[in-house]
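Note that the chains are named A, B, C, D, E and F in the order they appear, and that numbering of residues resets to 1 at the start of each chain.
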(Lines give C-alpha, C1' and ligand atoms only; values in the text may rest on other atoms or scores of the structure.)
Protein backbone atom coordinates (compact mmCIF):
# COMPACT_ATOMS: atom_id res chain seq x y z
CA UNK A 1 0.00 0.00 0.00
CA UNK A 2 1.24 3.42 -0.89
CA UNK A 3 2.24 6.16 1.50
CA UNK A 4 -0.03 8.45 -0.51
CA UNK A 5 -3.15 6.25 -0.35
CA UNK A 6 -5.02 8.28 2.24
CA UNK A 7 -3.66 11.57 1.00
CA UNK A 8 -4.59 11.37 -2.67
CA UNK A 9 -7.56 9.04 -3.01
CA UNK A 10 -8.62 10.88 -6.17
CA UNK A 11 -7.66 13.86 -8.35
CA UNK A 12 -11.31 14.81 -8.77
CA UNK A 13 -12.52 17.82 -6.78
CA UNK A 14 -15.75 19.78 -6.61
CA UNK A 15 -14.30 23.17 -7.46
CA UNK A 16 -11.15 24.85 -8.81
CA UNK A 17 -10.48 26.12 -5.29
CA UNK A 18 -10.38 22.60 -3.87
CA UNK A 19 -8.19 21.56 -6.79
CA UNK A 20 -5.80 24.31 -5.80
CA UNK A 21 -5.69 23.08 -2.21
CA UNK A 22 -4.99 19.57 -3.47
CA UNK A 23 -2.13 20.88 -5.63
CA UNK A 24 -0.55 22.54 -2.59
CA UNK A 25 -1.01 19.45 -0.47
CA UNK A 26 0.55 17.18 -3.11
CA UNK A 27 3.64 19.40 -3.35
CA UNK A 28 4.01 19.46 0.45
CA UNK A 29 3.61 15.72 0.81
CA UNK A 30 6.25 15.01 -1.82
CA UNK A 31 8.72 17.09 0.15
CA UNK A 32 7.66 15.35 3.35
CA UNK A 33 8.29 11.96 1.80
CA UNK A 34 11.80 12.98 0.68
CA UNK A 35 12.64 14.60 4.03
CA UNK A 36 10.49 12.67 6.54
CA UNK A 37 11.90 14.41 9.62
CA UNK A 38 9.27 16.99 10.60
CA UNK A 39 11.71 18.85 12.80
CA UNK A 40 14.17 19.33 9.95
CA UNK A 41 11.32 20.47 7.71
CA UNK A 42 10.22 22.94 10.37
CA UNK A 43 13.71 24.42 10.49
CA UNK A 44 13.88 24.55 6.70
CA UNK A 45 10.54 26.32 6.51
CA UNK A 46 12.14 29.41 8.03
CA UNK A 47 14.58 29.39 5.12
CA UNK A 48 12.14 29.48 2.29
CA UNK A 49 9.22 31.49 3.65
CA UNK A 50 11.45 34.57 3.82
CA UNK A 51 13.22 34.00 0.53
CA UNK A 52 11.42 35.19 -2.59
CA UNK A 53 13.29 32.86 -4.93
CA UNK A 54 12.24 29.85 -2.89
CA UNK A 55 8.68 31.09 -2.45
CA UNK A 56 8.54 31.37 -6.22
CA UNK A 57 9.86 27.87 -6.68
CA UNK A 58 7.12 26.62 -4.36
CA UNK A 59 4.51 28.55 -6.36
CA UNK A 60 5.96 27.10 -9.58
CA UNK A 61 5.53 23.53 -8.34
CA UNK A 62 1.96 24.25 -7.27
CA UNK A 63 1.27 25.58 -10.78
CA UNK A 64 2.55 22.34 -12.33
CA UNK A 65 0.56 20.12 -9.96
CA UNK A 66 -2.52 22.25 -10.64
CA UNK A 67 -2.16 21.70 -14.40
CA UNK A 68 -2.55 17.98 -13.80
CA UNK A 69 -5.49 18.35 -11.44
CA UNK A 70 -7.28 20.86 -13.68
CA UNK A 71 -6.96 18.51 -16.66
CA UNK A 72 -8.24 15.61 -14.52
CA UNK A 73 -11.34 17.66 -13.75
CA UNK A 74 -11.89 18.82 -17.33
CA UNK A 75 -11.21 22.27 -15.96
CA UNK A 76 -14.48 22.21 -13.98
CA UNK A 77 -16.19 23.46 -17.13
CA UNK A 78 -19.48 22.31 -15.70
CA UNK B 1 -14.28 25.39 2.64
CA UNK B 2 -11.17 26.31 0.80
CA UNK B 3 -9.11 29.45 1.21
CA UNK B 4 -9.31 29.87 -2.55
CA UNK B 5 -13.11 29.61 -2.83
CA UNK B 6 -13.79 33.30 -3.37
CA UNK B 7 -10.61 33.85 -5.33
CA UNK B 8 -10.96 31.17 -7.99
CA UNK B 9 -14.65 30.43 -8.43
CA UNK B 10 -13.98 29.34 -12.02
CA UNK B 11 -11.18 29.11 -14.59
CA UNK B 12 -13.49 30.37 -17.34
CA UNK B 13 -12.99 33.96 -18.44
CA UNK B 14 -14.47 36.14 -21.18
CA UNK B 15 -11.21 37.03 -22.89
CA UNK B 16 -7.52 36.06 -23.03
CA UNK B 17 -6.73 39.31 -21.23
CA UNK B 18 -8.90 38.34 -18.27
CA UNK B 19 -7.35 34.89 -18.35
CA UNK B 20 -3.95 36.54 -18.05
CA UNK B 21 -5.09 38.55 -15.02
CA UNK B 22 -6.41 35.37 -13.42
CA UNK B 23 -3.04 33.65 -14.02
CA UNK B 24 -1.23 36.49 -12.25
CA UNK B 25 -3.69 36.48 -9.37
CA UNK B 26 -3.39 32.72 -8.91
CA UNK B 27 0.40 32.92 -8.70
CA UNK B 28 0.21 35.77 -6.19
CA UNK B 29 -2.34 34.00 -3.99
CA UNK B 30 -0.28 30.84 -3.84
CA UNK B 31 2.65 32.83 -2.51
CA UNK B 32 0.34 34.61 -0.07
CA UNK B 33 -0.92 31.29 1.25
CA UNK B 34 2.64 30.02 1.82
CA UNK B 35 3.80 33.28 3.41
CA UNK B 36 0.60 34.71 4.97
CA UNK B 37 2.33 37.68 6.66
CA UNK B 38 1.60 40.66 4.37
CA UNK B 39 4.33 42.72 5.98
CA UNK B 40 6.98 40.09 5.21
CA UNK B 41 5.66 39.83 1.67
CA UNK B 42 5.88 43.60 1.30
CA UNK B 43 9.51 43.54 2.36
CA UNK B 44 10.24 40.67 0.01
CA UNK B 45 8.62 42.50 -2.89
CA UNK B 46 11.49 44.98 -2.90
CA UNK B 47 13.84 42.04 -3.39
CA UNK B 48 12.33 40.62 -6.50
CA UNK B 49 10.97 43.64 -8.34
CA UNK B 50 14.52 44.89 -8.85
CA UNK B 51 16.06 41.54 -9.64
CA UNK B 52 15.73 40.33 -13.22
CA UNK B 53 16.21 36.67 -12.37
CA UNK B 54 13.32 36.81 -9.91
CA UNK B 55 11.13 38.87 -12.22
CA UNK B 56 11.69 36.18 -14.82
CA UNK B 57 10.79 33.45 -12.40
CA UNK B 58 7.54 35.29 -11.66
CA UNK B 59 6.85 35.59 -15.40
CA UNK B 60 7.62 31.89 -15.80
CA UNK B 61 5.02 30.91 -13.20
CA UNK B 62 2.43 33.16 -14.84
CA UNK B 63 3.14 31.44 -18.17
CA UNK B 64 2.49 28.02 -16.60
CA UNK B 65 -0.73 29.13 -14.89
CA UNK B 66 -1.86 30.71 -18.15
CA UNK B 67 -1.37 27.40 -20.00
CA UNK B 68 -3.93 25.83 -17.68
CA UNK B 69 -6.40 28.70 -17.97
CA UNK B 70 -6.06 28.93 -21.76
CA UNK B 71 -6.76 25.19 -22.10
CA UNK B 72 -9.77 25.54 -19.78
CA UNK B 73 -11.17 28.19 -22.10
CA UNK B 74 -10.44 26.26 -25.30
CA UNK B 75 -8.07 29.11 -26.06
CA UNK B 76 -10.99 31.51 -26.50
CA UNK B 77 -11.22 30.30 -30.12
CA UNK B 78 -14.70 31.68 -30.27
CA UNK C 1 -11.29 46.03 -17.81
CA UNK C 2 -7.99 44.28 -17.90
CA UNK C 3 -4.57 45.81 -18.34
CA UNK C 4 -3.97 43.23 -21.05
CA UNK C 5 -7.13 43.96 -23.08
CA UNK C 6 -5.45 45.85 -25.89
CA UNK C 7 -2.32 43.75 -25.76
CA UNK C 8 -3.79 40.27 -26.07
CA UNK C 9 -7.11 40.55 -27.86
CA UNK C 10 -6.72 36.98 -29.13
CA UNK C 11 -4.26 34.07 -29.13
CA UNK C 12 -5.00 33.34 -32.79
CA UNK C 13 -2.35 34.40 -35.29
CA UNK C 14 -1.88 33.97 -39.03
CA UNK C 15 1.48 32.25 -38.88
CA UNK C 16 3.90 30.53 -36.48
CA UNK C 17 6.17 33.56 -36.81
CA UNK C 18 3.46 35.90 -35.54
CA UNK C 19 2.71 33.42 -32.78
CA UNK C 20 6.34 33.61 -31.76
CA UNK C 21 6.18 37.41 -31.62
CA UNK C 22 3.06 37.19 -29.47
CA UNK C 23 4.84 34.80 -27.09
CA UNK C 24 7.69 37.27 -26.67
CA UNK C 25 5.31 40.18 -26.15
CA UNK C 26 3.30 38.28 -23.55
CA UNK C 27 6.42 37.48 -21.55
CA UNK C 28 7.59 41.11 -21.71
CA UNK C 29 4.22 42.52 -20.67
CA UNK C 30 4.00 40.22 -17.67
CA UNK C 31 7.32 41.54 -16.43
CA UNK C 32 6.18 45.09 -17.14
CA UNK C 33 3.05 44.56 -15.07
CA UNK C 34 5.08 43.25 -12.11
CA UNK C 35 7.69 46.03 -12.39
CA UNK C 36 5.74 48.96 -13.91
CA UNK C 37 8.61 51.45 -13.66
CA UNK C 38 10.08 51.63 -17.18
CA UNK C 39 13.26 53.26 -15.92
CA UNK C 40 13.94 50.41 -13.49
CA UNK C 41 13.23 47.91 -16.25
CA UNK C 42 15.66 49.75 -18.56
CA UNK C 43 18.38 49.49 -15.94
CA UNK C 44 17.60 45.82 -15.36
CA UNK C 45 17.79 45.09 -19.09
CA UNK C 46 21.53 45.70 -19.00
CA UNK C 47 21.75 42.95 -16.38
CA UNK C 48 20.14 40.19 -18.31
CA UNK C 49 21.08 40.91 -21.94
CA UNK C 50 24.73 40.22 -21.10
CA UNK C 51 24.12 37.26 -18.85
CA UNK C 52 23.67 33.90 -20.56
CA UNK C 53 21.79 32.32 -17.68
CA UNK C 54 19.21 35.11 -17.73
CA UNK C 55 18.98 35.14 -21.52
CA UNK C 56 18.22 31.45 -21.30
CA UNK C 57 15.55 31.99 -18.67
CA UNK C 58 13.93 34.54 -20.99
CA UNK C 59 14.07 32.05 -23.87
CA UNK C 60 12.59 29.38 -21.60
CA UNK C 61 9.59 31.56 -20.78
CA UNK C 62 9.04 32.34 -24.45
CA UNK C 63 9.07 28.58 -25.17
CA UNK C 64 6.34 28.02 -22.55
CA UNK C 65 4.17 30.89 -23.84
CA UNK C 66 4.63 29.61 -27.38
CA UNK C 67 3.36 26.15 -26.36
CA UNK C 68 0.08 27.75 -25.36
CA UNK C 69 -0.20 29.88 -28.50
CA UNK C 70 0.73 27.00 -30.82
CA UNK C 71 -1.95 24.80 -29.25
CA UNK C 72 -4.48 27.64 -29.59
CA UNK C 73 -3.75 27.77 -33.30
CA UNK C 74 -3.83 23.99 -33.79
CA UNK C 75 -0.17 24.38 -34.66
CA UNK C 76 -1.05 26.24 -37.86
CA UNK C 77 -1.45 22.84 -39.53
CA UNK C 78 -3.50 24.56 -42.15
CA UNK D 1 17.21 -4.74 -23.16
CA UNK D 2 16.82 -1.55 -21.25
CA UNK D 3 18.11 -0.75 -17.79
CA UNK D 4 14.59 0.40 -16.96
CA UNK D 5 12.79 -2.77 -18.12
CA UNK D 6 12.08 -4.19 -14.68
CA UNK D 7 11.57 -0.79 -13.12
CA UNK D 8 8.94 0.66 -15.44
CA UNK D 9 7.04 -2.21 -17.03
CA UNK D 10 4.02 0.06 -17.44
CA UNK D 11 2.79 3.57 -16.65
CA UNK D 12 -0.63 2.24 -15.68
CA UNK D 13 -1.40 2.11 -11.96
CA UNK D 14 -4.47 1.26 -9.91
CA UNK D 15 -4.71 4.53 -8.02
CA UNK D 16 -3.37 8.10 -8.02
CA UNK D 17 -1.35 7.19 -4.93
CA UNK D 18 0.47 4.42 -6.76
CA UNK D 19 0.99 6.77 -9.68
CA UNK D 20 2.63 9.18 -7.28
CA UNK D 21 4.98 6.47 -6.01
CA UNK D 22 5.87 5.59 -9.59
CA UNK D 23 6.66 9.26 -10.32
CA UNK D 24 9.04 9.38 -7.36
CA UNK D 25 10.68 6.11 -8.36
CA UNK D 26 11.17 7.25 -11.95
CA UNK D 27 12.89 10.46 -10.83
CA UNK D 28 15.16 8.53 -8.44
CA UNK D 29 16.11 5.94 -11.05
CA UNK D 30 17.04 8.58 -13.60
CA UNK D 31 19.46 10.08 -11.12
CA UNK D 32 20.80 6.62 -10.30
CA UNK D 33 21.45 5.93 -13.97
CA UNK D 34 23.37 9.20 -14.36
CA UNK D 35 25.34 8.69 -11.15
CA UNK D 36 25.50 4.89 -10.76
CA UNK D 37 27.76 4.94 -7.69
CA UNK D 38 25.43 4.33 -4.72
CA UNK D 39 28.02 5.55 -2.25
CA UNK D 40 28.35 8.90 -4.04
CA UNK D 41 24.56 9.19 -4.18
CA UNK D 42 24.38 8.42 -0.46
CA UNK D 43 26.80 11.23 0.27
CA UNK D 44 24.91 13.60 -2.02
CA UNK D 45 21.63 12.78 -0.31
CA UNK D 46 22.82 14.60 2.79
CA UNK D 47 23.27 17.67 0.61
CA UNK D 48 19.80 17.94 -0.74
CA UNK D 49 17.61 16.60 2.05
CA UNK D 50 18.59 19.57 4.21
CA UNK D 51 18.45 22.18 1.49
CA UNK D 52 15.02 23.59 0.71
CA UNK D 53 15.95 24.70 -2.80
CA UNK D 54 17.05 21.19 -3.70
CA UNK D 55 14.08 19.58 -1.98
CA UNK D 56 11.90 21.82 -4.10
CA UNK D 57 13.72 20.86 -7.27
CA UNK D 58 13.10 17.19 -6.41
CA UNK D 59 9.41 17.94 -5.82
CA UNK D 60 9.30 19.81 -9.13
CA UNK D 61 10.62 16.80 -11.03
CA UNK D 62 8.10 14.51 -9.32
CA UNK D 63 5.33 16.89 -10.39
CA UNK D 64 6.46 16.67 -14.02
CA UNK D 65 6.74 12.87 -13.98
CA UNK D 66 3.31 12.69 -12.34
CA UNK D 67 1.78 14.76 -15.17
CA UNK D 68 2.84 12.05 -17.60
CA UNK D 69 1.61 9.19 -15.43
CA UNK D 70 -1.70 10.88 -14.66
CA UNK D 71 -2.36 11.43 -18.37
CA UNK D 72 -1.43 7.79 -19.08
CA UNK D 73 -4.09 6.72 -16.60
CA UNK D 74 -6.74 9.13 -17.87
CA UNK D 75 -6.45 10.70 -14.45
CA UNK D 76 -8.02 7.64 -12.81
CA UNK D 77 -11.41 9.17 -13.59
CA UNK D 78 -12.84 5.68 -13.36
CA UNK E 1 5.95 41.34 -40.99
CA UNK E 2 7.57 39.33 -38.28
CA UNK E 3 11.26 38.91 -37.64
CA UNK E 4 10.63 35.17 -37.53
CA UNK E 5 8.80 34.90 -40.87
CA UNK E 6 11.64 33.35 -42.82
CA UNK E 7 12.91 31.38 -39.87
CA UNK E 8 9.76 29.55 -38.83
CA UNK E 9 7.50 29.29 -41.88
CA UNK E 10 5.92 26.14 -40.40
CA UNK E 11 6.20 23.78 -37.43
CA UNK E 12 5.69 20.77 -39.69
CA UNK E 13 8.79 18.70 -40.46
CA UNK E 14 9.43 15.45 -42.32
CA UNK E 15 11.10 13.61 -39.46
CA UNK E 16 11.69 13.78 -35.69
CA UNK E 17 15.32 14.62 -36.45
CA UNK E 18 14.33 17.71 -38.42
CA UNK E 19 11.90 18.62 -35.66
CA UNK E 20 14.78 18.48 -33.23
CA UNK E 21 16.85 20.81 -35.41
CA UNK E 22 13.94 23.22 -35.58
CA UNK E 23 13.63 23.16 -31.79
CA UNK E 24 17.29 24.11 -31.44
CA UNK E 25 17.02 26.83 -34.03
CA UNK E 26 13.94 28.33 -32.39
CA UNK E 27 15.69 28.52 -29.02
CA UNK E 28 18.76 30.15 -30.60
CA UNK E 29 16.73 32.71 -32.53
CA UNK E 30 14.81 33.76 -29.44
CA UNK E 31 18.07 34.53 -27.69
CA UNK E 32 19.31 36.36 -30.80
CA UNK E 33 16.21 38.52 -30.83
CA UNK E 34 16.67 39.47 -27.15
CA UNK E 35 20.41 40.10 -27.55
CA UNK E 36 20.77 41.17 -31.22
CA UNK E 37 24.49 41.97 -30.99
CA UNK E 38 26.26 38.95 -32.54
CA UNK E 39 29.58 39.94 -31.03
CA UNK E 40 28.14 39.98 -27.52
CA UNK E 41 26.49 36.61 -28.16
CA UNK E 42 29.81 35.21 -29.39
CA UNK E 43 31.49 36.30 -26.17
CA UNK E 44 28.66 34.86 -24.10
CA UNK E 45 28.88 31.54 -25.92
CA UNK E 46 32.22 30.88 -24.25
CA UNK E 47 30.45 31.27 -20.91
CA UNK E 48 27.80 28.67 -21.36
CA UNK E 49 29.47 26.03 -23.54
CA UNK E 50 31.88 25.23 -20.70
CA UNK E 51 29.36 25.42 -17.90
CA UNK E 52 27.28 22.31 -17.29
CA UNK E 53 24.46 24.17 -15.55
CA UNK E 54 24.03 26.45 -18.55
CA UNK E 55 24.38 23.63 -21.06
CA UNK E 56 21.59 21.91 -19.19
CA UNK E 57 19.41 24.98 -19.27
CA UNK E 58 19.91 25.12 -23.04
CA UNK E 59 18.98 21.44 -23.32
CA UNK E 60 15.91 22.09 -21.14
CA UNK E 61 14.66 24.82 -23.47
CA UNK E 62 15.19 22.59 -26.51
CA UNK E 63 13.12 19.88 -24.78
CA UNK E 64 10.24 22.34 -24.26
CA UNK E 65 10.36 23.62 -27.85
CA UNK E 66 10.48 20.03 -29.08
CA UNK E 67 7.29 19.19 -27.12
CA UNK E 68 5.47 21.81 -29.16
CA UNK E 69 6.92 20.70 -32.49
CA UNK E 70 6.32 17.01 -31.79
CA UNK E 71 2.66 17.71 -30.96
CA UNK E 72 2.34 19.81 -34.13
CA UNK E 73 3.52 16.82 -36.15
CA UNK E 74 1.33 14.30 -34.32
CA UNK E 75 4.60 12.81 -33.16
CA UNK E 76 5.43 11.66 -36.71
CA UNK E 77 3.35 8.54 -36.00
CA UNK E 78 3.09 8.02 -39.71
CA UNK F 1 20.22 15.91 -43.64
CA UNK F 2 20.01 16.40 -39.95
CA UNK F 3 22.62 15.60 -37.33
CA UNK F 4 19.92 13.74 -35.46
CA UNK F 5 18.77 11.54 -38.35
CA UNK F 6 20.41 8.34 -37.18
CA UNK F 7 19.86 9.11 -33.55
CA UNK F 8 16.13 9.75 -33.52
CA UNK F 9 14.58 7.90 -36.46
CA UNK F 10 11.29 7.68 -34.55
CA UNK F 11 9.73 8.53 -31.18
CA UNK F 12 7.87 5.22 -31.13
CA UNK F 13 9.25 2.55 -28.79
CA UNK F 14 8.12 -0.90 -27.75
CA UNK F 15 7.98 -0.25 -24.02
CA UNK F 16 8.05 2.57 -21.46
CA UNK F 17 11.55 1.44 -20.51
CA UNK F 18 12.83 1.97 -24.04
CA UNK F 19 11.04 5.31 -24.10
CA UNK F 20 12.93 6.26 -20.99
CA UNK F 21 16.24 5.35 -22.61
CA UNK F 22 15.34 7.42 -25.64
CA UNK F 23 14.54 10.40 -23.40
CA UNK F 24 17.97 10.16 -21.79
CA UNK F 25 19.69 9.81 -25.13
CA UNK F 26 17.87 12.82 -26.58
CA UNK F 27 18.92 15.01 -23.66
CA UNK F 28 22.55 13.87 -23.97
CA UNK F 29 22.68 14.42 -27.72
CA UNK F 30 21.33 17.93 -27.41
CA UNK F 31 24.14 18.79 -25.03
CA UNK F 32 26.63 17.11 -27.38
CA UNK F 33 25.41 19.21 -30.28
CA UNK F 34 25.81 22.45 -28.28
CA UNK F 35 29.23 21.44 -26.93
CA UNK F 36 30.66 19.14 -29.64
CA UNK F 37 34.07 18.71 -28.00
CA UNK F 38 33.91 15.29 -26.29
CA UNK F 39 36.95 16.08 -24.16
CA UNK F 40 35.34 19.21 -22.75
CA UNK F 41 32.14 17.25 -22.09
CA UNK F 42 34.15 14.57 -20.31
CA UNK F 43 35.69 17.17 -18.05
CA UNK F 44 32.29 18.76 -17.40
CA UNK F 45 30.78 15.39 -16.51
CA UNK F 46 32.85 15.33 -13.33
CA UNK F 47 31.20 18.61 -12.40
CA UNK F 48 27.63 17.53 -12.56
CA UNK F 49 27.72 13.88 -11.54
CA UNK F 50 28.80 14.91 -8.04
CA UNK F 51 26.52 17.89 -7.73
CA UNK F 52 22.95 17.16 -6.65
CA UNK F 53 21.54 20.35 -8.12
CA UNK F 54 22.94 19.48 -11.54
CA UNK F 55 21.92 15.84 -11.29
CA UNK F 56 18.42 17.08 -10.59
CA UNK F 57 18.49 19.40 -13.57
CA UNK F 58 19.49 16.45 -15.74
CA UNK F 59 16.64 14.39 -14.29
CA UNK F 60 14.27 17.30 -14.92
CA UNK F 61 15.18 17.44 -18.61
CA UNK F 62 14.72 13.68 -18.95
CA UNK F 63 11.25 14.04 -17.40
CA UNK F 64 10.31 16.67 -19.99
CA UNK F 65 11.64 14.63 -22.92
CA UNK F 66 9.81 11.58 -21.56
CA UNK F 67 6.50 13.51 -21.53
CA UNK F 68 6.85 13.97 -25.28
CA UNK F 69 7.82 10.37 -25.95
CA UNK F 70 5.09 8.96 -23.71
CA UNK F 71 2.46 11.03 -25.52
CA UNK F 72 3.86 9.89 -28.88
CA UNK F 73 3.35 6.29 -27.79
CA UNK F 74 -0.13 6.86 -26.36
CA UNK F 75 1.45 5.98 -23.05
CA UNK F 76 1.94 2.35 -24.16
CA UNK F 77 -1.64 1.71 -22.99
CA UNK F 78 -1.64 -1.40 -25.13
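Criterion: contacts are C-beta pairs under 8 Å (C-beta built on N, C-alpha and C of every residue); 3 or more make two chains touch, one makes a residue touch a chain.
All values reported here derive from a predicted model rather than from experimental measurement.
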Interchain contact steps from chain C to chain F (minimum; 1 if touching): 2
If a chain touches chain A and chain C alike, it appears here: B
Given chain B and chain D, the chains that contact each of them: A
Rotation in the CA alignment of chain A with chain D, degrees, nearest 5: 60
Relative to chain E, chain with the most remote C-alpha centre: A
Type of chain B:chain C copy interface by residue overlap (half), same or different: different
Centre-to-centre distance between chain B and chain A (centres being mean Cα positions), rounded to whole Å: 16
Distance from the mean Cα position of chain E to that of chain A, given in whole angstrom: 32
Separation of mean Cα positions, chain F and chain A [Å, integer]: 27
Chain A, residues touching no fewer than two other chains: 53, 57-58, 60, 64, 67, 71
Chain-level touch network, classified as line, ring, star, complete or other: ring
Ring topology as an ordered chain list, initiated at chain A and continued via chain B: A, B, C, E, F, D
In the complex with chain D, residue positions of chain A that touch it: 2-5, 7-12, 26-27, 30-31, 33-35, 40, 44-45, 47-48, 53-54, 57-58, 60-61, 64-65, 67-68, 71-72
Interface residues, chain C side, partner chain E - complex: 15-18, 20-21, 24, 49-53, 55-60, 62-64, 66-67, 70-71, 75-77
